[in-house]
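The structure's right below; bear with me while I get my questions together.
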Amino acid sequence: QTATKPLSVVLIPADGGTESGTIADYQPVFNAITRSTGVRFDLKVAQSYGAVVEAMCGGRADVAFMGPVTYLQAQKRGCAKLLAVGVENGQSVYYAGFFARKEAPFKSVKDLRGKRVAFGDVNSASSFVFPMAMVIEAGLDPVRDLGEIRMAGSHVNSLAALVQGRVDAAALSFDSYEKAVRQGAVDPKKFKVIAKSSPIPYPPIAVNSRMAPKLQAKLRAAFADIAHAPGMTPEMIRGYGGKRIDGYDVKFPASKFNVAASRMALVDDDLKSRILTKSASR
Amino acid sequence: MDAPAISFRNIGKRYPDGTRALDDVSLDVPRGQFCVLLGPSGAGKSTLLRMANRLAEPTEGRVLIEGRDLTLRTVKPIRRRIGMIHQSFNLVGRLSVASNIMTGALPALGPTRVLTGLFPETLKTKACMLAASVGLGPPHMSRRADSLSGGQQQRVGIARAFMLDPAIVLADEPVASLDPRISTDILGLIRDQARVRGATVLCSLHQIELARAFADRIVALRHGRLVFDGTPADLDRSAIRAIYGEAGPVPIASGGLAA
Amino acid sequence: MNSTAAWHYPSPFGTRTVAIVIAALALLWITGQRVEIGRMISMTGEAALAAVGLIPESEVADGFSAVAGKLFPLQISTSTEVSRIENFDPANLPLFAHIETVETTTQALNPDTLEMEPRAERTTVLVEPVGYLVHVAAKMLETLEIALWGTVIAILIGFPLALGAARNITHSPALRGLAGAAISLLRSIPEMISALFLVIAYGFGPIAGILALAFYGAGYLGKVYGEDMEGLDPRPQEALAAGGATMLAQLRWAVLPQAMPRFIAAALYVLDRNMRMATVIGIVGAGGIGQELKGRYDMYDYGHVGTILVVIFLVVFLLDRAAAHLRRAAL
Amino acid sequence: MDAPAISFRNIGKRYPDGTRALDDVSLDVPRGQFCVLLGPSGAGKSTLLRMANRLAEPTEGRVLIEGRDLTLRTVKPIRRRIGMIHQSFNLVGRLSVASNIMTGALPALGPTRVLTGLFPETLKTKACMLAASVGLGPPHMSRRADSLSGGQQQRVGIARAFMLDPAIVLADEPVASLDPRISTDILGLIRDQARVRGATVLCSLHQIELARAFADRIVALRHGRLVFDGTPADLDRSAIRAIYGEAGPVPIASGGLAA
Amino acid sequence: MNSTAAWHYPSPFGTRTVAIVIAALALLWITGQRVEIGRMISMTGEAALAAVGLIPESEVADGFSAVAGKLFPLQISTSTEVSRIENFDPANLPLFAHIETVETTTQALNPDTLEMEPRAERTTVLVEPVGYLVHVAAKMLETLEIALWGTVIAILIGFPLALGAARNITHSPALRGLAGAAISLLRSIPEMISALFLVIAYGFGPIAGILALAFYGAGYLGKVYGEDMEGLDPRPQEALAAGGATMLAQLRWAVLPQAMPRFIAAALYVLDRNMRMATVIGIVGAGGIGQELKGRYDMYDYGHVGTILVVIFLVVFLLDRAAAHLRRAAL
């Protein structure tokens, strides 16, 4: 890549966000990096995890902000390398969980046996992979033991199904739930968290593994020093979900994503296709 | 009951594109009269006929049918008393001949029959008899109207107009596409119908001979104005010249009759 | 004439018609049970009764009012934290904008206690009173541009295909079959799917969206234009053919003049359909208002969703009027 | 050059719905002849005319134009030499009168002119002259064809047929919707054209007088079979009865001529 | 006759036409630059050149072949680990099925070392040679049922609206305006969005999908049926009106017989469009093949995606043939 052709950056709003909102979150960061390195960027937003993996592997995207599961899929195919992960209060994790109505008698994931449960997108760490792993770790076979599986497509639809009483429990990220409460879409007094997932690594920023190592190093340095880049204010440093973060960790060990990988290994392709089949039956 | 069947009062018509089709035409057609309308092509014959049932609206003057003003409110009941034969037949090409004839009876039928197409036997018989009287036999009845020859289509249109025994018949060149034999048969049929039932006929024609043979009265338009009004006997060579212009109809003038 | 023969009035429908009608009803009955039409009717009925107050509540009515109610009031302003605006210059605000300081209490879920906890924040924001409307309008314009080009390309591909598929233009059955298959192919791939593939081929951006819309639109126009041409009054074309005119001449002087109003209507339909479809395929990264809509929905900003829906309605409505106008002028 | 202009050899025609329109018709029309085709409505006149340029295909027999077999391969060049006047006019209603007349010249124009509608001045002049000669003036030229009266539309169709100076003219009831004056003008025009250019005319008519006045030769169909072939002088009362059936044309029989 | 006057041949197009054409071209030029049409053409051109081997490679061609190539070979069999099948009875296999033992090496994460380790596994699987095809066919049937009912309801709502909006049926401009607005409203809400709301109101299952399809379809048919009725030859209807026939009679005996081929074509178009749309709205939980398609795409199972696309194409193609047949019979 020469300096004349901007690097193509693809952003996925991890649990929902608008095109302009997501760009507004990241534009200042990338602008700062342009100022410090001279590398220019062309930011695009996509909402399909699969399309971004294919874009990375097809060389159509140079940099991507993607969900942890997506990152791992791309990495497994040898297309992506970790660049940086946002840090907030020294941590780079978020949580997902199962939500239910306050009066529901569920106390743990085990109690979901025979119940109707909604999940989000099949490639989403927080609304599918981690919650599904929780079900398996609780000793249940998702297909055999859950009453009904609803693949609602997104965090919002998963929660909406719960709110409307179409399911007994819904899997989504805490972040998305907070947004719903803030926007008055749900009344927090009526719902509770049944179980919390293990910490999920932040959605990372990854580079195409075909990118020249020198350029990768240049970007890595720039991200590490983002807080001191010219023209940056602390408020402009944003990360997952548009939240304010302290900075980017470029030394984040890729092995920390193994937690996610282990969860992914639990939810293998065979299981996924059985879940798909079950969710489609009625 | 002495109001004329059709009464045009100072009718004028200018089409939206500026064409002036009629100009101050006044004409009373008494009940029971067989009145033939002559005039060169484009003289305004079709336009005048179409005003008698408000298919065309006059831009000046007014029309009275049996003494009643023809307005938006009265048009429905008045139209039921009028049968019209259209110059371009206006059949529903995709329907059968039988259905096309039957559409003439629709105004007399209730919504159920209209929707289901289950017509009373009497009307079916009538449709068949009318078809026969214009020379269309049973094999034609279930054929599609658009597979008929020009003259056959015109005859379907004529049968349709008589389904409800109209008190007034408006006929726009009813025999233009017909051979002389059927032409006379059909004009005879229309005249007989009218005589028997006391119906009024206003009929545009191009054939002067037929007009002379059938009309009680002949009127003629030229350039949208009434230029002749008289009995068949009054229609002499100079009158014809006044209607059609200088040369007069050539077949007569150039010795067509002598052949 | 022969009066017994005259009695022959054809029967309005044959046993074949009756059999077909019965078969169709049976099919509807069986499939209707499988897709729960009965439940749909009873639920809708309940909602209707609830709406007029005859019964106290209905699931459907509740569900509707729960969501639909939230669409209002529409959101038309924007407020942006000034600290997030690069090179913010308080002396040089955008038109109509002003600065406010707001204190907000937000709720956050504490991962340890699993309880919601309030947190107070004080921020300076730049308020633009019609900022969101302007933003939506800009996105809408982009959507319209995508839809317009999707339509232009659809016509460029679809019209030749239609010519190939129309019985009164192409006489060779082989060519017609080929064109027909191409049309079916273009129409059989859901835009959503072709957009996903096109994004990979052309990269993220409007091109993939335009092509996805254009491919499907080409299939639609190929089909509709073809059928329109076949359905015309054949006589004017026949008159030209009788004189020995080429197919091109027949097309230009008998087929097109007659078909134009329908062609225009179909193209405008594709345009307005493209506009709405852009809200779906935009999601894969093809620009336009789609992501805005999906994103706002995912962020529970129902007021924003309401604004977008109203704007879409207005644009569709105006397009409809314009289309009706054009059609009538061409009629 | 002594092959007949049009030659029908044992022509038969059965329509897909079973209607038998023509039955073993053989007819040679020599060059330069003005041949009139008579026959009652539904006799098969239109069908026969439409076979001369293969708008209808014979189910039996074959057609030769100027000695050449009319096949799928030869039809294009042969059609250019033929001008046809259609019974139902077949105008493009949404185009102007000028454009409709001009469509008659399209076979002689290159694709660029066809697409752009930029016609050579000579053809424009010719279109205007033809319009004038059928009695349509400049104000009609830019009007839409479907806003014309029936007779005016028929005249546009006639002008169109003459745009390329056809060697053969097929005219299907060209004057059905026209008044007697214009009818004779137009048949005169067709005859003059034919005489000057040595063109052949095959023309179906319903008006026996006009047939007598203009035809070099008269042939007649009845129930799809040729029942008369002779000079106008041969067309006596008994011939007419053979063509149209028992009663014969009434206007003549009932003293129409005497009026 | 007057030969100077005869020289008056109207000019083929006026300055107004020329001005409109120039304005349209300018619009296309400007918007074309905004949506990168130039880039689209050059990329597509490159791909075409690459395809015929004139240039070594093109991004687009690579991207296409990368994805499209993966659609093949189509996946038509299923293999299920027998250990995951409840009450598996090896003596009583499904039709055509057989049992295989496969040895696979998978990479698994060792929870202790947190390293990926290869692990050989030996599993017994039940192979159904056309199992996936059967599954897709069953889903397709369900999709067709949803599409069928979406179409039936669309006709039931759309036809009355079309009557209300058609100039030659409804004379009151107020009523026409009302019907027109309802049609615009129905057409302006993207199915995706109305499906989201309807799922909340009616619950998961086909009802929400059917209604979402039906609402939009009703808008489409309202528009198209209305325009079709307005575009008919007015003379047969005029003939009936001239006799004093009611509007109902005119509709049943002049308008419908003429419009039927177009009506059938439009309804069949809605049917096949519904079928494809079901692949999009199915995603929100409305049944049909949509979730299967989206899910397989998200799981990178392109062989499965290929199978689904081929099945959709076949169904669209067959529907097309059936539609053409019906239309021709009605013509």
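Quick notes on this one:
So that you can tell them apart, the chains are marked A, B, C, D and E in the order they are listed, and the count of residues begins at 1 in each.
The working rule: a residue touches a chain if its C-beta (ideal position, glycine included) is under 8 Å from a C-beta of that chain, and two chains touch if they have at least 3 such contacts.
All values reported here derive from a predicted model rather than from experimental measurement.
Annotation of chain A and chain C: jointly contacted by E, touch as defined at the top. Considering every other chain in turn, the ones in contact with both chain B and chain E prove to be C, D. Here the spacing of chain B and chain C, counted between their Cα centres, is 50 Å. Chain centres here are Cα averages; for chain B and chain D they lie 27 Å apart.
Inter-chain spacing, taken between the CA centroids of chain A and chain D, is 79 Å.
Along chain D, residues 88, 117, 135 each make contact with two or more other chains. Within chain E, the positions touching two or more other chains are listed as 59, 63, 66-67, 196, 200, 203, 205-206, 287, 297, 331. Shared interface positions of chain A, defined as residues touching 2 or more other chains, are 48, 50, 54, 58, 60, 164.
Pairs of chains that satisfy the touch definition comprise A-C, A-E, B-C, B-D, B-E, C-D, C-E, D-E. Considering their complex, residues 235-236, 238-246, 248-249, 252-254, 257-258, 260, 331 of chain E touch chain B.
Listing the residues of chain E that touch chain A in their complex gives 59, 62-63, 66-67, 80-81, 84, 86, 108-109, 111, 114-116, 135, 139, 196, 199-200, 203-206, 283-285, 287, 291-292, 295-301. In the complex of the two chains, the chain E residues touching chain D come out as 1-3, 5-10, 12-13.
Across the interface of their complex, chain C is touched by residues 27-28, 31-32, 34-37, 39-40, 43, 47, 59-60, 63-64, 66-68, 142, 145-146, 148-149, 152, 180-181, 183-185, 187-193, 196-197, 200-203, 205-207, 210-211, 220, 223-224, 227, 230-231, 233, 261-262, 265, 269, 272, 276-277, 279-280, 287, 293-294, 297, 305, 309, 312-313, 315-317, 320, 324, 327, 331 of chain E.
Those residues of chain D lying in contact with chain B across their complex are 15, 17, 19, 38-42, 46, 87-88, 135, 143, 147-152, 154-155, 173, 176-185, 188, 206-210, 212-213, 232-233, 244-245, 247-252, 254-257, 259.
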